[in-house]
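Comments concern the structure below.
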Amino acid sequence: MNVGIVGVTGYSGMVLYSFLINHSEVDEIYLYGNQTNAEPRQLSKILPAFGENHLVIYPFDSEKVKEQVDCLFFATPSGTASQFAASLIESAFPVIDLSGDYRLHSAAEYDKWYGQPNRMLPDQAKVTYGLSEFTQDYANYVANPGCYATAVLLALAPLAMEGLLETDSIIVDAKSGVSGAGKKLASSSHFPFINENAWVYKLNHHQHIPEMIQQLQKWDGEIQSIQFSTTLLPITRGIIANHYVKLKKKMTQETLEKVYRNYYDECLFVRFRGQELPMIKDVTGSNFCDIGLVMNETTQVLTIVSVLDNLVKGAAGQAVQNFNKLFGFEESAGLPLLPQCP
Amino acid sequence: MNVGIVGVTGYSGMVLYSFLINHSEVDEIYLYGNQTNAEPRQLSKILPAFGENHLVIYPFDSEKVKEQVDCLFFATPSGTASQFAASLIESAFPVIDLSGDYRLHSAAEYDKWYGQPNRMLPDQAKVTYGLSEFTQDYANYVANPGCYATAVLLALAPLAMEGLLETDSIIVDAKSGVSGAGKKLASSSHFPFINENAWVYKLNHHQHIPEMIQQLQKWDGEIQSIQFSTTLLPITRGIIANHYVKLKKKMTQETLEKVYRNYYDECLFVRFRGQELPMIKDVTGSNFCDIGLVMNETTQVLTIVSVLDNLVKGAAGQAVQNFNKLFGFEESAGLPLLPQCP
Amino acid sequence: MNVGIVGVTGYSGMVLYSFLINHSEVDEIYLYGNQTNAEPRQLSKILPAFGENHLVIYPFDSEKVKEQVDCLFFATPSGTASQFAASLIESAFPVIDLSGDYRLHSAAEYDKWYGQPNRMLPDQAKVTYGLSEFTQDYANYVANPGCYATAVLLALAPLAMEGLLETDSIIVDAKSGVSGAGKKLASSSHFPFINENAWVYKLNHHQHIPEMIQQLQKWDGEIQSIQFSTTLLPITRGIIANHYVKLKKKMTQETLEKVYRNYYDECLFVRFRGQELPMIKDVTGSNFCDIGLVMNETTQVLTIVSVLDNLVKGAAGQAVQNFNKLFGFEESAGLPLLPQCP
Amino acid sequence: MNVGIVGVTGYSGMVLYSFLINHSEVDEIYLYGNQTNAEPRQLSKILPAFGENHLVIYPFDSEKVKEQVDCLFFATPSGTASQFAASLIESAFPVIDLSGDYRLHSAAEYDKWYGQPNRMLPDQAKVTYGLSEFTQDYANYVANPGCYATAVLLALAPLAMEGLLETDSIIVDAKSGVSGAGKKLASSSHFPFINENAWVYKLNHHQHIPEMIQQLQKWDGEIQSIQFSTTLLPITRGIIANHYVKLKKKMTQETLEKVYRNYYDECLFVRFRGQELPMIKDVTGSNFCDIGLVMNETTQVLTIVSVLDNLVKGAAGQAVQNFNKLFGFEESAGLPLLPQCP
């Protein structure tokens, strides 16, 4: 089958492309820009060391897309997919959307957290929030989860689904590499700023917060809010998130490990590692989300640490995983099965 | 006056030395090794680009120390000062001890957290835990606080002293640069390990935990424990600590800022910055601890962020500050008044 | 076919393993330690986030090796392969040796540059120095080139083979990431040492110098020596080498580009990029060596810049490339065709 | 005395300011912006963690400058000082100009290398090129040398002045941290670009080339050109430059060391270290330029390595050194005498 990518020159788009060219079920990859009236551009002119000379990025044209490809990926900043997706959703054309445009069910929430109107609000029944490990039935339009949201939801899912969480106790301290902020120049991505530094940003205002709450509430209706902070680290890739929670009942380390193993033992891309706490390098370059946890008997606080590569399991990797599940391919097709070492 | 340093070749020792040579009240600096029977060594042989050729490190000899200098600094790993300090404490000789040897009042706690016996337990009345901003009366032996402990105690002091903390709610997520682990080779300080990585270590087991609780309890006897995690970051210097706490009563951002300003407006080296959250680079190379806080109305969690340079305010800088207070010098003598930029 | 790896827990070994598990012609991978009498060890105990639980590292046993696998890779420090390889070379068993043990033809040179005796000097006819792009006929024992040597030889090959070099003018200024120094703890790999630093090491004494001269002399017998310096950079992976040479005759940029294109247009893994100078990130994670050059009309010095990933084209990637050529597989089998981005 | 700074919010300006507040001869520091009609701005609004609240940046006004201060520093991008300096040069008002505006004697060269017209060409007799170690007689307008130029000129000065250089053999491979490119956002300063990377830029086109040649020719009229390359490194501060030269006559390591010691033994800020090659961290934060050299008997190439902190000896530090020499203060006044460790 043929697939298309909108936004290949962004970080997620490049990683996505590098997975899809290794995908056994993908024949040709068509590239589209995020404008409808631009000139075609040669990929190698923009990214000289990436991709072959013959590759061309064409302006976006939804009719051509439907002719040329069998599935389309949006690897675009928020606000782009919603400009183009109307007819695709309408016609149930297969789309994996890596952006935040259709993750939230509520238009008001989108406006509030993204600071821009979501132009075309779809019929929610036609969109699936694609947290791969917890999604069985896919609509043809898949809203791929945010990087932080994936790290947090996978870390909390077993407790939330089992109703074990003291629902007003959830505190998440997440840290991310700079690629999460994208390719656009910004003073916080300027090397002399973030090198040898660590910077708390968007405290209580990160746009992944409503996405996390929306999903947590599906699992445990009592959850109303989470305390969520984000620290920018001087690394390119990776997220590490510490979760501090209290539980409704006293539980031992052993019992908690059982709960998690029960959820994740069959999951190829979530590696539950017991009381061994994972670090970012355990997963860099791979589609794994590694999770460890330690119950503190003194404070009765449970610390759960999850790590993932924000561009892989937090973006392009989960997108391919969703693509595989949507089309019934092997879940790992096209995805690397080992982290990059060292 | 003359001063002595034991351990000048370690990271804290080097920084300490660089402050003391600029100190207006210090004439000569004598250097001692942490062994009693070693050969004298030339400093420039060990650190060719640091210090003048004539400087010699002599083996430690407490009698010579008393003759040569008026104050001694221990910039040594834990377990060293306690080997040498007996007669110094006995005779009330002025000492600033940067190590953890005499921070804890309880011998049992020292054994438990440091994993080695503290050979000589001093009369506590003769030792001061020197958190500079909160210390008025100094004994002649000053136990300089740990780097994490300083960041956490300064962040929580106003709330603890005012009795505002929900005492079982204290969660601290602290991150540190690699120099905190010292000069000794270790796999976690190996560049290919920690570069592009972040690693949670000593969760619930960091030796600064009892030191923090000991001091917090002095301020608020109800505090029994804190949830404390530490993440190693790929930077050389700096600590950033996020504190998540709940309060006994509802308080606004504005009121909370007033509480902090009340404590810190007169403190030269603590810069309270209101709702502007500080980052590591705001303080690198300086003796500042910067603090900011944000009250989350939704979750009723207060986030307090404190930053400091682990080798300055977290070690050598606070040591000089304590030295200045002990001898009645100007508090900032010898200390840089601006962070390093960029 | 089955293959074996000696030294999978080192950096080159890990990368090699990650390529071989994706190799279409490889069935099973056997792992061997570099000792003969050690206990079997579970890979996941040593590298928890890498590899499956069932993988076991067995002590080295050359008879077992011959039974179990069809080709053996040594990803070991220098001095190891030569302990074990005698019978393998004797019996013409297929081996790809990533170490420096058999790169030099002269035993005296090995002793001089490696500082240790090469125990068993093989019949040179039975060993091939495997600079992939310039090797057609393979003996069954392949000495995989060093990382610096690969960067330098590929940069200079066209000029050397055409006899264009002013032979006493070759100056190479190469820079490398820290993974090149391996996993063993060393003060120069200590994070606080090399972070925010750059350090010239082994000037005129790097063990890749004789390897480069040996090969250059095969191409141009007049070349007697090169001026070669190495700088350690605070990055994990990658080599960038600047070559400054004078030519025997005046040549234009255009003519020089033609010479290089003539050699490399058909090479899958050498990308000649004309006057566009490549950077390390153009090739990280890939098996590419990218080369650019600029003729300075004023100084008549030609600058050639080559870059590669020291663990891929400079080690494990070229090893797989040699393996593919030795067995007649597709040259790119198992190898990534795009650099990691970003 | 009072001094003024134009451009305190840039990297050099901040470092300059941090030196001048510690300078025993400086009373007040006045801050000026690089526009004449702008509103006054509070420094703490722009750099919240740097400087006191009362500091205000006033628009530039040369009449006010002459009233308020006794010496003015330009820490501005090229093209700014030359807009404002006319009347200051005319009236021989003391100025230290950290920019490139008046380093070149030739207007045509300025246009060629800086790509912008130098508006007001001064009487060269009224401007001194202030390479501190080699300047005795100062005009009142001091053009502070470029960072690369300082590293290269100090490395080559003894050989050039002694006429020992094979004049067409000079090859310089210099590497710099990102702060050299300033605070302005640029894709090459974007963290995900330069982190884990190294990038050759402006090969043969760096604007410090004519400045170096101009000065080298003063020392040795035979020198016509140098081969100069620059590599951007993923560090914030520091330059390391490798110089490869041939000599007119055969010289031993020992003799060469004597030549250098002869020039530098009395220089406080140049530390000649013999055959021990310096690294960037030996000088970070200090005003030192460290130099080492190794004669290669095989190739007859002499390698000279020089290092400096581009913002200190390469900018603000040398500016203060020039200021001290211009006014007859102690050469080290205001300058740190130890590198930052670690």
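Labels A, B, C and D are assigned to the chains in the order they are written; within every chain, residues are numbered from 1.
Just so we're on the same page, a contact is a pair of C-beta atoms (placed from the backbone, for glycine too) under 8 Å apart; a residue touches a chain by one contact, two chains touch by 3 or more.
Here's who's who by UniProt: A, B, C, D = N-acetyl-gamma-glutamyl-phosphate reductase.
Note that the structure is a prediction, hence the values are computed from the model and not measured.
Between A-C and A-D, more C-beta contact pairs are found at A-C.
Centroid distances from chain B, each centroid being the mean of CA atoms, peak for C. The distance from the centre of chain C to the centre of chain D, with each centre set as the mean of the Cα atoms, comes to 39 Å. Between the Cα centres of chain A and chain D there is a gap of 46 Å. Chain A and chain C have Cα centroids separated by 36 Å.
Across the assembly, chain B contributes residues 11, 179, 183, 192, 195-196, 234-237, 281, 342 that each touch 2 or more other chains. Here chain D touches chain C in the complex through residues 168, 171, 173, 175, 177, 192-193, 195-200, 203-204, 225-227, 229, 231, 233-238, 240, 242, 244, 277, 279-281, 284, 294, 296, 298-299, 301, 303, 305, 342, going by the rule given at the top.
Of all the residues in chain B, the ones that touch chain C in their complex are 11, 178-179, 183, 185-187, 189-192, 194-196, 234-236.
On chain C, the positions that touch chain A within their shared complex are 11, 14-15, 17-18, 21, 47-51, 179, 183, 196, 236-237, 271, 273, 276, 278, 281-283, 285, 288, 290, 311, 336-342.
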